[in-house]
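A, B and C label the chains in the order they appear, each numbered from 1.
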């Protein structure tokens, strides 16, 4: 019975990792760049939500409604002013610029908020739980998982059912021809990054409510996100969700054996899958 | 007929390599121009320059007198010039219908061309509308490419080698659509390697060789010999 | 038409002479310089070594790694494990460092070479994290909190006795001298070795592969083998440097040995600001880095923010770094690598 419980907790944890990864997957699917500051941007969003909650006395969910458009703006500006200058054939500039960004964000947060652990207060939600058969499920993890599914669904809808999504796919296929059709690739990239930051804000909400956070935990979130994307297969949003679940389950299973092995188990699961399925579980065909 | 589009002293470089050496060209409203020349003569570069993929000095290209040489491709599209690129360049991730719809991305241009109108022009596309664009035959893909460009309701439609790789029957079908396009108000510049096709359809012809205009005139007024010399050059 | 390929230029010999003099001065430093100067230079030499190897991998090999800390840590633990578990002299333990780095390089290559570009980068970070977490489980060398190098091992370091006799310095200072000389030797061997490698056809092959992999493949270059070789060489170099750094330090822990900031972030900034893809770049970069650190290190987070901003600005507006700006204007190269084709005149 313990294993069923561990499995369920792992799946729910996977929802959180899937949220971390969704923004990364979206942006990579469109622009083929990985933002090494992605994790730090999630942490930054968490601090933003915290500030809104404490300064304006809002509930965290309401604070998210304010934080999301702000984070969209951050992503949009970041892409327009900095990252669009790194677009091109060379892989070094985007990597190195976003790496520098990661260092700047972490240290700016340290300067602004110091190194203490913080948490977004969620009231009774933090400990509420319900039972399904023999398993006790926390409301927070369940909510997180449900949100991960909704976000993935929403991104899929945007990608495949809207004009914007058409533009995303066309620009990703062939930016030159897209511009011949009247699309400004730089603007599309900026919207994509902005959207990725909205997802990051949602992820930040659950990150902050679930556990303590401090300015330095960004890189670890980036690694989990990246592992989820690779496991799921690049180019597949649902695959990223599955990837998050795999990491979550691996971690909780490992922790059940020995708490010190939690993080290591996640990494090992990733390496094993990389070995046997280098293109991931559900790779998008072609490319 | 007023001058719709003109180029003055248009030059273009690929890195250190000069592809165009001061090309002068005019297109009148309602006209159909053909640009012919051997491979590497600079025809595609000319089209891409006009379409904005290759940036120029502002005054080198004028639309209705206004300088547009410096505009990026998406702005040129917005100004009313659309290119059907060489090799079609359809979007692999999009279906036939989606490829057409993306052509109409700039919704600020009003005009006769809608999705239904394009389907009216190329009925076979309506049947295959949900298929991935690259699953279609070469000729059908070319129709999608042309339809996609029409969706932006251009004043000037640039067609770069639309008959390349297609069987004669298919080429005839595609060119049969040209009168409808002209009727709805577009002017046309067609790049063709197939000289017969080009001469058959054009009001005026330009011949390029090694980046320069070597001949210009009406099809009926140019002798075969002159055409041959302009196309291939005269050996020193 | 006869031709020959020329690599140097007229003033190469002058530069070589100057470099030789500088190295001799550095070597003689312990006899007239202060201990703190030696310690500063030790830091400069070891960081420069790490920077050269990262540059070899990224600038020449086209492989951006964010996981060099894995090899530094492996090298560090190599020395410590060798001394603690098998009583091997720390200086000899550097060979264990090299071996440990070699093994980890070969094993990690199986995984990371399945990834490209940005994902390769993060992949190297993941395997470094796995290494860190794994070493933290190794109780014999201190587990998560780490351990110190045994006193006897430190005092018996090869060369310390000789130094004590010749200079009259006490044991602790003599150890610093030995470490200093090892660091000098390492950086000279590193720069010399990389320069030699670049002048051979391997260097040309690397440049070709970086510029256009398909064209390179079409003339028969096996990109995978060359990249693997560069990856392993960089790893071993970083491993030896890591062993030396922590041998001098005297204390190791998983967090310090496998620190991303110390062994990757700083290294990346050094290379980027100095000039990626050149041998001179990291040299300039480490000088700037050292000056910045001396001036700003007290400012902690602000110092890192300044580094981060500088790195971003340089990458956006001067992607070839400071040395790139200089050599771009003057065409000068301290370590000439570019080949020129010299044609003999036709006999008419």
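Criterion: contacts are C-beta pairs under 8 Å (C-beta built on N, C-alpha and C of every residue); 3 or more make two chains touch, one makes a residue touch a chain.
None of these values were measured; they are calculated from a predicted model.
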Any chains in contact with both chain A and chain B? none
What chain is most central when centres are computed from CA atoms? A
Of all chains present, which has the mean Cα position farthest from that of chain C? B
Which integer distance in Å separates the CA centroid of chain A from that of chain B? 44
Distance from the mean Cα position of chain C to that of chain B, given in whole angstrom: 55
Note: chain C sits from chain A at a C-alpha centroid distance in Å of 34
Touching two or more other chains - residue numbers and ranges from chain A: none
Touching chain A in the complex: which residues of chain B? 51-53, 72-74, 77-78, 82-83, 85, 89, 91-94, 98, 101-103, 105-106, 148, 152
Chain B-touching residues of chain A, taken from the complex the two chains share: 163, 166-167, 169-170, 172-174, 176-184, 286
Residue ranges of chain C in contact with chain A within the complex: 58, 62, 64, 66, 110-111, 114-115, 117-119, 121-123, 125-127, 129-130, 133-134, 137, 260-261, 265, 268-269, 272, 276, 301-302, 304-305, 307-309, 311-312, 315-316, 319
Show which residues of chain A lie in contact with chain C when the two form their complex. 33-34, 36, 82, 85-86, 91-97, 99-104, 106-108, 110-111, 219, 222-223, 226-227, 230, 260, 263-264, 267-268, 270-271, 274-275, 278
